[in-house]
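Listed after this line are the structures, all set down as structure tokens.
In the two complexes that follow, chain A is the common piece, with chain B as its partner first and chain C second.
Showing the complex of A and B:
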């Protein structure tokens, strides 16, 4: 018999190998899409009469734009193995240099929204399930339906409009001008104020959806025989609900948590663009539009890696949480 | 005859939303101390609901129209929820038809037994583990230490059934309501569980309410029995009871 952690280790290695294959396919498809669509970044430069033909030829050679697409892809891949992400045409710096700070900014926004969502939705779902059919639950479910049918960008615009009329919150961006000179505490507070609108708009829909899922799980579990059996042996009601029902109702949420983690980078893109949050999403939009191919590739790979990690973590967590699930 | 430890007097239960629909209709039942009383009926006869009512667990979709449920001469319908909770498990307990669905799937068998013990006797401390192993041995679980460390789904059907009996008995109740204790088991395991019930009555002085559709099994085990049909207690010469008997003889 193999020991559990051995089995787990083998499982993780297997999953990581699959992930590498997945990322290879994903990068290849993205690369080809970028190359096969007409035009490249140098076309913008060609329109500029100040740039000589020699310079253009130099750039073409430097970035392998004169070679066939597959060679260019292999060149990029070889760079990636060496830890080089390539060069951004548009920003005129190595990709690694800009992507790091943008990644951090996106993570701040996504993580704030993520925390807000889970810390509100789970207790709300539990509360709604325990008060099913009472007016509080009905109001919560009614509001959830309304929120669910509102697109996030619309919520963001309404909030921005409200902020512009009241002046209570800053209108987009991540920091006020001159924030670099503030103390750490004042600067954090400033960022927090900038964070409120995008984080709220980003999480509102998720709170409504997740709350409904949690409520449903909880109601499902509360109707199970083992809950009746727990009451029949005289367990205190708080243990019946918060130990037995909750523990079983939360398991399906763990899988969702993995998906949410995967969507941390991509989910915020639209909100970043609307609220001009300097994150990866707005960077990627600029990159795709200007055909800044290496920047696009790096952003895509970030998203892909996070997706793979998120799902793997969720599967491991679920296997730990539910003894009936065996990892192979 | 011994004094009654639990009795149901003229209990009538109806659906809360349509009070004309009776789930139990004027049902009476006496469980003398140390006896085995059978409740026989087909599916939908109300026998499981009667069992739950004897624990004070009346489903929220139902309401009591008339009647009393007496535990040692006090009506449990008159008691508060916390008092009822403390009596459940410790005075009257229940085992369920499907052992697989009566255990919480995400905790080990041992943890669930310890939890039930602690709910009624928080000061048991270190002795609790030994008591748990003794209890598992009592219900004829071989290798109690291993079974206690297992999750419910890791046990075989027969073992799980006995582990569930241990769980129901963990707070030393004087009455056990056993809902279809053998219907999910094969014939040899059925015989073993019936033997076990006789032993529990003899060794613990346990009173047992045996709820089943299998008239033959109840007749062999029970000191007395009632037949339920569509929520009513029917006599032995009632056509339904006679149909059950003749089905048995075939």
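Showing the complex of A and C:
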């Protein structure tokens, strides 16, 4: 009989090993897809009347675009082992230098949306469950259905249109011109105003979905015998709800939290492109379009690693929170 | 505590500089040294190194930071002195001597000398370790130009053969030897002044310097404290204290930001006109029309007779190649394309029909007197009939003498909305005279691959960027050029007229007399209009909307709205 900690450790190692295999397959497929689609990075240069054939050949050699795809892939993989993500053709600097600031921007947006989602959805779900069938609950559920049926990008466009007609909020981007001269407070306020539209559009759907799940869980738990027993013992109502019911109702949400974490960096791509938020998503779009292969690879790997880690954390958190779950 | 000497020095320098600004300029100019100009770019710069720069999002920025020996007058397109105050050439036109202006300083305060000019050419442009496209311009007949410093202010260029666009090419940005010599020696130049550079390290001769770059967000420029150009009364330039380029993901976002009021200027597309023009008064801006665009927009047919070496099949089916190579076919197409409708529909009426290979936007070398093909469907049909095309089965599509349907694929890149619209108009025009055109929208990369390596296309709608000297279009017009789209990289010219155009480019490239050069280039434009290897459609009008807050704004047809940025101030 092994001890639980040992078992957990072994489980994590096993999961990490499969993750490495998964990432390898993912990188291989991405690389080959990038190579198999027609054209390469030099195509825009080819149509410039002032660039000669020799110069193009020089670049081709420099970027190793003349080698077969599998050689290029191995070369890239070897670099990755040494901790090098490769070189961006487009920006002429190591990929890591470009991704850093973009990653930060994406994180700001995703984290804002994440906070907004959870801070609104959980209380709303609880409140709706406690007021089940009353007017407030009905209105909340009705609106949730509408929001759920609207795609996020559409919400973003409607919000942008609204902002362009009223002028109350800035139209896309991350800051106003001249932001670098403002005080820290003024800059934060400026960025906050720019965050409102993308963060709202990004979280609206999740809020609707999460509050429905939370409401369902809560209703389920409230109908259990032990709640009846707690009430029968004469416990105060707030204790019954917040200690006995909530603790059990929130369990499934922990798994969701992990998945949401993994989607943190990858999920915002579309919204970034629509609201011109300078994050990883919009960077990746230009990278794919211009066939900047190593930049695409690095962004893909970043998303992949976060996804794997998020899933792992979700499983571990769930095991911690619910003693009934056994990890093998 | 000791203050490091270097910091102290620069601090003192800064104060000196401030007092100089307040003191050296007349009182009326004082109020002009302020403000911020906010513009938009649609993508990030790829580098701050002008030698490595490959595309416009980079050169838009480096143009503010770096300057060359000569420049071009934005109103007349004549070459005028810039960092060089005068020049002289030997009788044979091969040796050129330039005298630099006196007292020129780099933006770090060090003197600018002839050594910097030699360094830029000998150590950077002609350095095999450094990939750059300037080398292609300054390599003549396979040989490189030699550059020597005669004394501190005099520099001599020795050309291997005569090269007419030489003076114009010396707009080439110059770089500081004292800053970059080490990087060249350590073979690090290709990674110097990239987008990860510290802004203070970048030293230039331009009116502005890099102050701050935030990827995906903005590029901010600040005045060069040592800028050489002075105002009319000797006052310091530039006036505007910050230039900010906001990086927007698309033109549409730029348009919205301009309407929102956060941008000072916006380069319009024809389609934006109905939205912007009525708002001029209410939003306090002016729309400037600077005439036709420099680029081109055309349809071309594949006349390549080559065979794919892997599949052993011809690039274009032989019978189609036969049609496309027949001048009657191309003239028939030229008569069928309704340029007026293209301008009305695609460009909102704000465009110019294009007939000549050079745009009127390039100035002196444009030839208006070329053969024009009026929109005339009957003329078009007559030419096809003359070729033997008739509609035998009555389905509206013509067949040739062997009964093959007059059908072909027309490609263009899907990401360029305007081009797609032009292609669909051309398609509907050609269908009216009995051709069956299959419009194929493909990725830009696919299109380039077809044009430059697989050659498997029938017809393409495309545009190319133009330049003010036709010489730089020789990659397109010479039969050996790789952008000689309809039949690239020929060993010997396939047709007589291509042979004549080759000779014209050869001769004009070595002719210094502007009048004779113009005669050469007029002739080439006439030949192209007669032979129609490409059939031009329409040019856009260059429209810029600018807020009404600037003084000294003098929009120029060739320089744009902000060509004299250093003199512009905010009222």
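General observations
Just so it is clear, the second predicted complex is superposed on the first by the 327 of 328 C-alpha atoms of A that agree within 3 Å, B and C clash if a C-alpha of one lies under 4 Å from a C-alpha of the other, contacts with A are read in each partner's own complex, and residues count from 1 in each chain.
The rule is short, and it goes like this: contacts are C-beta pairs under 8 Å (C-beta built on N, C-alpha and C of every residue); 3 or more make two chains touch, one makes a residue touch a chain.
Given the structure is predicted, the values throughout are model-derived calculations rather than measurements.
After overlaying the two complexes on the shared chain, residue contacts for A:62 are found with chain C alone; chain B is out of touch. Contact with chain B, but none with chain C, is seen for A:247 once the two complexes are overlaid on the shared chain.
Touch criterion met: A:44 reaches chain C, while chain B stays clear of it. Judged by the touch definition given at the top, the superposed model places A:144 against neither chain B nor chain C.
Applying the stated contact rule after C-alpha superposition, one finds that A:237 touches chain B and leaves chain C untouched. In the superposed model, C is the one of chain B and chain C that contacts more residues of chain A.
Once the two complexes are laid over each other on the shared chain, residue contacts for A:200 go to neither chain B nor chain C. In the superposed pair of complexes, A:224 makes contact with chain B only, with no contact to chain C.
Put simply, chain A uses no single residue to touch chain B in one complex and chain C in the other.
If you check the complex, the residues on chain A that touch chain C are 37-40, 43-55, 58-59, 62, 90-93, 97-98, 101-102, 105, 160, 164, 167, 170-180, 273, 276, 278-279, 282-283, 286, 289, 291. Remark: chain A residues 224-226, 228-237, 239, 243-244, 247-248, 251, 321-324 touch chain B in the complex. Touching chain A in their complex are the following residues of chain C: 36, 38, 43-44, 46-47, 52, 54-55, 131-133, 135-137, 190-191, 194-196, 212, 214-218, 220, 242, 244, 246-250, 253, 256-257, 259-260, 262-263, 415, 443-446, 448-449, 451-452, 464-465, 467, 472-476, 481-483. Against chain A, the residues of chain B that register as touching in their complex are 52, 55, 57, 81, 85-90, 93-94, 96, 98, 101-107, 115-116, 119-120, 151, 153, 167-168, 170-171.
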